[in-house]
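Multiple structures are listed underneath, in structure tokens.
The two complexes that follow have subunit A in common; it is paired with subunit B in the first and with subunit C in the second.
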Partner chain A sequence: MSLNPVRRHPNATILFLFVALVALMIFSLMLGRYPVTLREIAHILATTSPLHAVGNYTNVPWVVIEIVRLPRILMVTLCGMGLALAGAAMQGIFRNPLVGPDVVGVSQGAAFGGVLAIILALSPMGIVGMAFALGMAGLLMAFLLAKLAGKASTLALVLSGVIIGSFFGSLVGLAQYVADPQTQLPSIIYWLLGSFAGATYAKVAIVATVTLVAGSVLLLLRWRINLFSLREVDASALGTNLDRLRWVIITCVVLIVAAQVSVSGGVGWVGLIIPHAARMLLGPEHKKLLPASAFLGGLYLLGMDDVARSVGNQEIPIGLLTGVVGAPVFALLFWKTQTKGWIDE
Partner chain B sequence: MNSIAIQFENLGHAYRSGEWIFQQYAAQVPAGKVFALLGPNGCGKTTLLKILLGALTPSTGKCKVDGRVGFVPQIFQVSFDYTALEMVLMGRARQIGLFSSPTRRDREAALAAMERFGITHLASRPFHELSGGQRQLVIFARALVSEAQVLILDEPTSALDLKNQVLILNWIQRLSRQDGLTVFFTTHHPQHALAIADETMLMLEESKYASGPPAQVMSEANLQALYGVEMRQVAFDYRGVLVTTLVPVLVSSTAAGA
Partner chain C sequence: MGQGKTISMERDLEAMNSRVEHGRERLTRLAIPLFIVLCSSALVVALFPPTVQPAQTEGAVVKPAQNAVILPVILSAYMTINRGTSHILAVSNISREWGGYGLAGHIYPSVAKLPIIGRMIIPEPEQLLRVRPDVLITHKQQSDVLRKIGMQGLVEINMMPRKPLQTRLMIWKQLGQVTGNGARVSELMRWDAAQRQKIAAVVAAAGSQRPRVLLAHVGNRAWSVPGGGYALGASLEEAGAINVAASFRLSGRVNLEQLLALDPEIIVLDPNVMMSPYASSHDTTPLDVYNMPECQMLRAVKTLRVYQLPMHSYTNESIEDPLLLSWMAEIFHPEQTPHRLRDVYRETYQTIYGYALTDDEIDRALFLSENSRSEGYERFARQGATP
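This part shows the complex of A and B:
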């Protein structure tokens, strides 16, 4: 069987995904209880800036677009792109499409870091720092545990990730138990469920800086990620030292996940299912897979957030939505990949 | 060319327990020659290859490989379903910068290597859908596109049918004779070494080996000692050429009883 037309024209597909993402961002600006037309949006974006308020905050369309919807849409898009990019890179270096930041202890570690930062009443940058430190700690602990078991094989790493993940899950439970039920507990629970409702430009700046820097490194290394699919001895014969490269990529992945967790809490499954979908669309070659995953991740999370904020009277935490949709989709993809497209080692 | 492409002396490797896999092994492979390594399962052939590839540090001795190395593994596993062309392009890893992707030149080089092996038509086919022989040729093309000077092959014919075995052996010979590549391969088929190798090494015991031109080294007695089975040398005339080969003695139970 030869390649399908979509896989034969990867650049056109990636361009289409990018255009679709921009279109969805514009549509998302229009979406909401307060109606704003496309013309008004264009005018506001062209003539004003959120940092230099023209007039005052009584200008409702300006507030809705520049202060409420735009930072949220930017944040959701960046988080979706970052998570999918990180997931695709991680699956590439671990040669396994069933691996993601959720599986190897990163997300749970980062979540505990965030909860701890809330209890300690740290600043937003403090939350990022704690989420990153404990996300990295989660990954390192999973690695060490896998090493103790013998070779750092993918299976050993995933099983260690499950152990470390539940350990950090218990610590999150403990933190909730000791948190002040009047002041801290509600914000911890809401944060853990995952939401973009509290988007601000300060948070956008955090996510944008981390995602753009770490994401750019991943994108620059995207062709090299293919080489991780080969066995060590094979790759070393091609003159490539994968060990150092692996750590650079892991650091970028953890930074991206930590930045997302710190600003919007637990938004699961994106890093697992989106790279799968992109792989089904364009094949496994990481030069095409990484940009396609990023745009698809932005599309998916923004679409989910649009649903979360427009269905019903009250906003649904997006983490719940991505979980409810992600698990069955992942089950379907798992079944599909077992029948074709991925060879189990 | 008289230069030495592969050289090892007093080479030995031991398990963590201290038990030797092999020791005091030495050989020299002149550039452009074909070298065959034979030995029973578990004698350390793959370990020796890993040492040559620089993936394993030997417990004792020195080992030197002069020139860029290309490796063709025994079982080729790749986790994702790349196309044949994408697989061949991975051979350009040395030539492509850390933050770069393959250029048009790399693509042209990859397609030229595929054309050399007559597999250009497979370029956009998923690697997993190819037959064993086709996959092997893709990996050969990958080694060629990496501008390898020394080709190391781990049992290159083990998973192939007879037709593909002959195809691959012919290619090994051509890469050595026409392209001047040095080839070092392991095999379980004495007749393959006899047919295409210039030099052979038999891993007889932990610290005992026999090496030299195949016609001298691959005696019935040596192969019997190596594999523990009766071997016979058979010679016959094929279109005016005397062909010598080696076969294990297999007698069916009915014939034995008669």
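This part shows the complex of A and C:
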């Protein structure tokens, strides 16, 4: 079987994706509602390091680049990388291309946490903290329910995730119902639709820490994810405890998803379609699939956010955009991969 | 010899392939450092972030606004205090929509032409930096990003849904300071208190006779009832009625069975679709309710005591509340109140806005035709006319 050039040079492809991501991050600094010239951007980037810099309000281009756009671009990139990485890992361990990173009830738990924090009028960091805590609570409940069922299997966890997700989904509905329609409901709806408009460096720190730790663990374990395609007995013969490995990976995925939802609300489809696209590019081998998914995820979400914040007079919630674009793209990828088999066996 | 050479060449080829494979493997491993470098760089910048020294201390509005941007739904109050839409640079879409409702929007039609900035109540930093308002009014919960960019003239509104009266008072004081009309706010507050005293006298004269009243929104035959925090629920009590839904903690739908159990003597329909997120915008009038077969068992329908609340805007309660209270007092205690609500409307708008309301405008504000079949509503008709 002859491979296409991209598959013949997977490492060059991964390197290219990384370079493209960094290039898009720089290009994204030029996009926005406030007009900042390329020269001004180059001057700001060349003359001032963002570390501990203190600017003046009157220097608007500096404020726009360093305080408004840079944290947003960093946050979007990290979230895109994390979500895609989480999606690829989940699809690998579940051996199912229709699984997304939010399957274990974490997204819904985090969404409820965020909504509850808005109703309780907590500070923006309070919203992040509450969303993260309830996202983790969602995972814990799903784990406990799966244990109660007496089986620590993947299927039991997925079913528990569906139950816990539905429960938190209903609580989100209830919270919307009791929210004050003038003050809280618009904030809740906007938050649930997903947006990076409220990006701050404090939020970047949260996402960066989680993505760095959990993402690195996933990347280090990437070749082991291939073992999930073996039978349990064969994997054990190779000295790998698949059960323990599965929980480690799921915990990393959950941390990434909870961190993303807590800082930006619901942003769907990234963890579902990006691993498919990466698989089409480089094949099913997780050693290459995971890093490719990460960089491709960053590229995709950053591109979407650029469109969301610059295409019209009003910003489009990115969750809407990823949903509208994600569904047809997923359908196309699904059709393409189905003609060949999803993992190209 | 030849065979040995072939074997040697094969070995060389294998070694070369192995080196290439090893090189590729190293490149794959490079992906992890790249990932770590990217995440770590973001983390370092986030841990030692750049900051902005504001040109002016945040929140300190020292002179009246010349170019204000208003994001929360407080435009009608701002227009009342500021006597119009002057010095407003832009508003959020939701603020303009609700600011244009009611008589204040009618008196100041320029509200419909105010430029829009931001969707709903969410601030967009770059747009705001572009227009550079000298005063930016926003929700306290939404101000984090704006403080970080050192936005000057930031005025944070803290909406407390469970404390509507406190919230209103605080907003009016803040707006008085922002517009440089503190004296006008004090005057409006005094006027408000005086009107409320008159209502209190009517209620005291009525003694223990307090009708059981339900405040509701009806849309598409679905009834929504506000919860305990809704300000107009408290107004029912202030106007000498018993709010039959006072114990409802949450706003929401009620079915016919619940309506029968509540058994109100009077039903007041509020066209406020924001009363419940699930309320429909298709308003139902008392005339519609009288024609609903399923409602014929209700006491208020049998006695034709279903009324549509007069037109009013939101967060403009210091003007609207006394008018609504006067209207309620006349509906709940007709024998205790003089037949002069139309004059109260005229005087109020003349005093506060310097605007002479026409008879047609008063008819419209009181929903005369929609309430035409309701018991005793002819008292609000212009002299010599039948509603």
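Simple rule for what comes next: the second predicted complex is superposed on the first by the 278 of 345 C-alpha atoms of A that agree within 3 Å, B and C clash if a C-alpha of one lies under 4 Å from a C-alpha of the other, contacts with A are read in each partner's own complex, and residues count from 1 in each chain.
Criterion: a contact is a pair of C-beta atoms (placed from the backbone, for glycine too) under 8 Å apart; a residue touches a chain by one contact, two chains touch by 3 or more.
Fair warning: this is a prediction, and the values are worked out from it, not measured in the lab.
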| item | value |
| --- | --- |
| Touched partner set for A:224, first subunit B, second subunit C, both or neither | first |
| Touching partner for A:234 - first (subunit B), second (subunit C), both, neither | first |
| Which of subunit B and subunit C A:113 touches, first, second, both or neither | neither |
| Which partner, subunit B or subunit C, touches more subunit A residues | C |
| Which of subunit B and subunit C A:63 touches, first, second, both or neither | second |
| Subunit B versus subunit C as contact partner of A:177, first or second or both or neither | second |
| First, second, both or neither for A:284, with subunit B first and subunit C second | first |
| Subunit B versus subunit C as contact partner of A:95, first or second or both or neither | first |
| Partner chain(s) touched by A:161 [first = subunit B, second = subunit C, both, neither] | neither |
| Overlap of the subunit B and subunit C footprints on subunit A, listed as residue numbers | 220, 287 |
| Residue ranges of subunit C in contact with subunit A within the complex | 24, 27-28, 30-32, 34-36, 38-40, 42-56, 72-73, 93-94, 116, 118-122, 124-127, 129-130, 132, 139-142, 144-145, 148-152, 158-161, 227, 229, 250-252, 274-278, 314 |
| List of subunit B residues in touch with subunit A within their complex | 50, 53-55, 68-71, 73, 77-83, 86, 90-91, 93-94, 96, 98-102, 124-126, 128-129, 146, 152 |
| Complex contact set, residues of subunit A against subunit B | 1-3, 8, 92, 95-97, 220-224, 226-227, 229-240, 279, 283-285, 287, 340-343, 345 |
| Complex contact set, residues of subunit A against subunit C | 10-12, 14-15, 18, 21-22, 32-35, 48, 50-58, 60, 63-64, 66-68, 70-71, 74, 77-78, 81, 118, 121, 123-124, 176-187, 189-190, 195, 197-202, 204-205, 207-209, 211-212, 215-216, 219-220, 287-288, 291, 294-295, 313-315 |
